[in-house]
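Note that chain A is present in both complexes that follow, paired respectively with chain B and with chain C.
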Partner chain A sequence: MKRTQRSLASILSLAVLATVSLGTGSAIAANKVVKPVTIQFWNYWDGGNGKALSALISEFNKKNPGITVKPVTFPWGDLLPKLQTAIASGTTPALAATDIAWMANMNQSGKLVDLGAALGGIKKATGDIYPSLLTYGLYKGKLQSLPASTNNLSLFYNKDLFRKAGLNPNKPPKTWAEMRAAAIAISNLGNGIQGMEIYVQPGEGLTWQFQPYLWQSGAGFLNKTNTAPTFNSAAGRSALQFLVDLINVDRAATAGQWGAFDKGQAGMRIDGSWMVGGYRENAPFEFGTAMLPIPEGGVRATNMGGEQIMAFKGKAASQAAAVKFIRWFTSAPIQARWDVATNFMPISDTVANSTVILKHVASEPALKAFIDQQKYAQARPAIASYPAVSDAFSKALEPAFYGRVGVAEALANADAAVRKALKSN
Partner chain B sequence: MKSTKKLLIKVADHLTLIVISSVVILPFLWMITTSLKPPKLAFSSPYLIPTHFYWQNFVNAWQEAPFARYYLNSIIVAISVTFGQVFTSALAAYAFDRFEFPFKRSLWFTLLASMMVPLPLLVIPSFQIIQNLHWADNLAALIIPRAWSAFGILLLRQFIHSIPRDFDDAARMDGASTVRVIWSVILPLARPAVATLALFAFLFAWNDFLWPLIVLNTPENFTVPLGIANFSGKYGTRWTLLMAATVSATIPAVIAFLAMQKSLIRGLASGGINE
Partner chain C sequence: MQTRQTRTAYLLIAPALLLFIGFTAYPFIWSAQISFTSWDGLNAVKKFVGFQNYIQLFQDAEFRQSISVTTIYTVSVTLISTILGFAIALMLQRRKRSSAIYRTIFFSPVVTAPVAAAVVWQLLFDPYVGIIDIGLRALHLPAPNWLSDTRWALPAVIIVGIWKRLGFAVIVYAAGMSSLPVSCFEAADLDGVSGWQKIRYMTIPLMRPVTTLVLITGFIDAIQVFDHIFLLTSGGPIGSTNVMSLFLYNQGFRLFRLGYASAIGWTLFTVILGLTVLQWQIRRRGES
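Right after this comes the complex of A and B.
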């Protein structure tokens, strides 16, 4: 008893000491800020991406005495609620980089700095950045954010399994029919090996993986004004039928699991360029990449992902520092090095054709498919109700993959649910 | 004959216990095994019993972020919240049980009703108060609002109710003040309940994620759960590091549980029969 009391007392005094030292630490920091400005940069780039960002930022801080940018990493799923709370309570950071899918929420906040005005006009601020990437930054004629990185979905395939199934490992499928044939051949290897892995968990993951099939088959997702769905058409039904048949008729894919490809137990998967580095290092098989196969008479299309960087309104000095950082970070030489470190895609032709990038792609051939395909990447609707739309869409589609609901019925349900979600916002 | 029957019952009991404990232990084993896998094997077929011991995961996880700082923050918060809750709950529970005062019943029911409000619902109003007090991004925001607990008051009151008033009277006769009675007589007698409350408070503060996420902005103030969440990102989850960090984060909770295990079980068992 005595001993516990004594140890409790010592823990308490330690805790008190620690609190006191914490207190003095921040007091000193507060006194030191006379003219130099320290700004926070909220983002969700973790792991290797986070390290690459920190290295670039310390370079910026060295080059710009008086400005200290401090990266703060939050978990991906939590950055949006965190920013929304900050916007509501007026405690926004000076800088943030967010998922392009959240930009409608950010744009409507009224708290973003007009980068067009701050950087000498939209034209000068954007240079030769691909126009499709600007979809998310332009709001009511103002440029409120710039692309910080971009990426897209391409086809990953397991060359070892291709060889085992008697397929040419250097000739990945180009059409849906070829993809189907390859999936069937690989699933015939048995031992629980799937021909293809399809993402069917409800949520944005399902929507984002399925949209390319819609676009390739000629169906859309929403109309041009983003007011009504356009996927419930013959083309849309053919896209969903293709995947449903792959699972339930050909038995060449299994609904429900995700991760078989990582373990070498699935022949193909659609995923992003950020997976290239990890597979090169750790995958227990030889992998290849290819542009997404398209249906007979279809068009090339993939989905566009990435992040936008933005500055929040605040004290003049912080705002100026934030704008300065954005200009630096989105400049071609820095973007090229950022892409090399992260395997994200170039945001402009200048970046794509820089010697740094060309050298990197030569050393990592798996990136070529992604770079070739970037120009076919389509933007998801930049509207505030998009998360609700995507959620409703994926939930209506999920049962179709399990064969519980017919394709036509699932798309009709999705149509109704999406209309409702569009009205809700 | 009788002894065979007894033996059979015992075997059945233990079989049931073994099955239930394996259900509880499996995720822990899985966590430990994954934390020791070399990154290359994270991609390969799963196995349950650790066969590789790649301790570097722990080094890497700890170097990824200032985890030592996160631990210090979490320890400060968890210990302060624990002491705060025990202290305030003891005073309030004693007052509710031993004293008569106006509106006692309605106050008691308001207190109980406050337990029905789910935490996420309180986040925004709480955050606005913290903001107005200028406690945002400060550990005070994690400690002070959490130093009170309706559950703690309920738990201790139930227990104090079972302690005969004779103890209070005897102490008073010897000249003890009310605070002295609570500190030297009631709390030692209520030790199982206090231990239960302390453990719950500690685990709650140690595991809390949403509130620290909303309140804290600078990495120097982050707590362990915030650091751990960063191993699972948009561009993939680093399972081996995530699990190594989780194993490290579980250790204080396990130690706290083992230290208070006996009192905890007594405290929970007695809570049910006291009214």
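Right after this comes the complex of A and C.
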């Protein structure tokens, strides 16, 4: 009996010892896993958007004790040069969110983590994210980034100026003809007030603001294979003529720097949903939004903007932390809160139909136009030569707004310049 | 003993030398290498294209426009700021008591952050709320839309360039004038030489080395202008303020053409080097 007791005791003690040692071992192993890792997240979200991002990040950091994500914000124009330098010198951050227009170039860098593989397959990683948004992240069959936000262009109008000009502030223009009439009425108020503010500074700003007019009139931008321009057509010319006439015939708009609408010096402009929050807080006038007016017999169309989030190849721990953050940030509940804080548009139906979003839209009527219009948003060509194409296009159009060249000549010049730019990369 | 001294000397210059190699010499040579490729700054492959970037550059209408804009900007800013700087330094010399305050005022733009200065100038040039146009309208003069008008954008950025440069010219001229031999001027006074004659035949010739310095540094400074033009007009409208450095920036960092941008950089460098050598030659000939 005693013997049995003794052997039982020794077995038990061995078991205890084994448990303790195993426990310690797993504790050590666990310690290895949660070895604190700090990663940088480069982005260009400043102001209210930057604050919203910081708040979400600190929440993530609290929930994930081993990981510290640090947001690093650059001005929009600086982020790309910084990333180029970082890629060239091998000092990339673990995470970045960039403009969708840059994605074709980022994809070619060979430095992005395959998120499909890291998140258990492309289908699992993307869920019901809108397919048009996914085009920017897919490269050679791999998913290299995920949509972090999306948005579109709608019409903003100054209700105070509408009233002053004798227009109904609750009836924004629905067609180009109505928009033209409203612009003329508002510019007749004098004192340098513009009826409509048009973006005419060369660069992607001009291109992305003008593309909706092209699409609405039935013209295209590039062909389906992105190998040739399609804007130099009768429809394309009518789109450009409409804006050029607003400036040079109706004198209802001025070719110049952007910013008159913000100061209450212009009746209308087209812009993105991210402006809603800022105008609600700071605009020195009452504003409204509407879907973009379309020409007689035209089709609904707007431009799609947004950012993609990506992880860069690096140390295993940093890479794992970055992927974990991306999974969390692109999840529906977080995206819904992100959209509420920033007024960006939902990236999927799950986000769009969440109670958080539905409640927010009910409380901010200016967002309705953007939500209604998102389904008409068209993506810009996701090709590496797009920045060169857009630049060439905008530079050829700019002189037309100043009345230096005719509409037909400007579009013919743009056609030649874009063909050349398509071959450049 | 000598080896020890030499070693110490090398040790002392090592930090500066390493920084120079790392941040100036290496990127300098590297950019030359890049200028012969079609690299976009992101792609893992740097495709060699020979002299294609340089050939394309000289056929590029935008490049030719940027050369003429840069030339007008550089010549205007350098000459006007030098002449004004000389005149103001002369005036300050006569008001010895208050000159320190004036010198501080004139020098403050030189040390003002370019971004802050550009934001202020943007407000000043604003067609709606800008004090310049408000003033012009009050005087019943035409008030141009400075930064949006192809005729006025370049003069506007030239005005800002002169404003930024003037202080340096004033300080250097003021320092130069204070070291002029007082006895010569007193002798001239006794001989009844007029004020204008003293400036024409004494101050200007005696100030020639200072003028050379102000002109050369002003020229190098102006030809590389970037910040306030980038912030005020971004090179527009219709390229009317598109200076070479802005053209380079746009090609490299907005259009992903780092190879082409490097070729622009090397061309700009060659132009600056050539013109500086020419200026020195002219100066030397003048001295001899």
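What we mean here is this: the second predicted complex is superposed on the first by the 390 of 425 C-alpha atoms of A that agree within 3 Å, B and C clash if a C-alpha of one lies under 4 Å from a C-alpha of the other, contacts with A are read in each partner's own complex, and residues count from 1 in each chain.
Going forward, a residue touches a chain if its C-beta (ideal position, glycine included) is under 8 Å from a C-beta of that chain, and two chains touch if they have at least 3 such contacts.
For clarity, every value in this text was computed on a predicted model and none was experimentally measured.
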- Message: For A:49 in the superposed arrangement: first (chain B), second (chain C), both or neither?
- Response: first
- Message: In the overlaid three-chain picture, which partner chain does A:365 touch, first (chain B) or second (chain C), both, or neither?
- Response: neither
- Item | Touched partner set for A:272, first chain B, second chain C, both or neither | first
- Once the shared chain is lined up, is A:281 touching chain B (first), chain C (second), both, or neither of them? first
- Message: One more residue to check, A:403. First (chain B), second (chain C), both or neither?
- Response: neither
- Message: Quick one: is A:84 in contact with chain B, with chain C, with both, or with neither? Answer first, second, both or neither.
- Response: second
- Message: Per the contact definition in the header, classify A:36: touching chain B only (first), chain C only (second), both, or neither.
- Response: neither
- Message: Contacts for A:263 in the overlay, against chain B (first) and chain C (second): which applies, first, second, both or neither?
- Response: both
- Message: According to the stated criteria, A:66 is in contact with first (chain B), second (chain C), both, or neither; which is it?
- Response: neither
- Note on the structure: On chain A, the footprints of chain B and chain C overlap at residues 81, 88, 263
- Task: Would you tell me which residues of chain A are touching chain C in their complex?
- Result: 77, 80-81, 83-84, 87-88, 105-106, 108-110, 192, 200-203, 254-257, 260, 263, 265, 384, 387-388, 391, 395, 398-399, 402, 404, 424-425
- Over in the complex, which chain C residues touch chain A? Could you list them? 38, 40-44, 62, 127-129, 145, 147-150, 233-239, 250, 252-258
- Task: Provide the residue numbers of chain A that touch chain B in the complex, in ascending order.
- Result: 11-12, 15, 18-19, 22, 25, 40, 44-47, 49-50, 70, 72-76, 78, 81-82, 85, 88-89, 91, 93, 99, 262-264, 272, 274-275, 278, 281-284
- Query: For chain B, which residues count as touching chain A in their complex?
  - Reply: 39-40, 42-45, 64, 72, 75-76, 79-80, 83, 124, 127-128, 131, 136, 139, 213-214, 217-220, 226, 229-236, 238
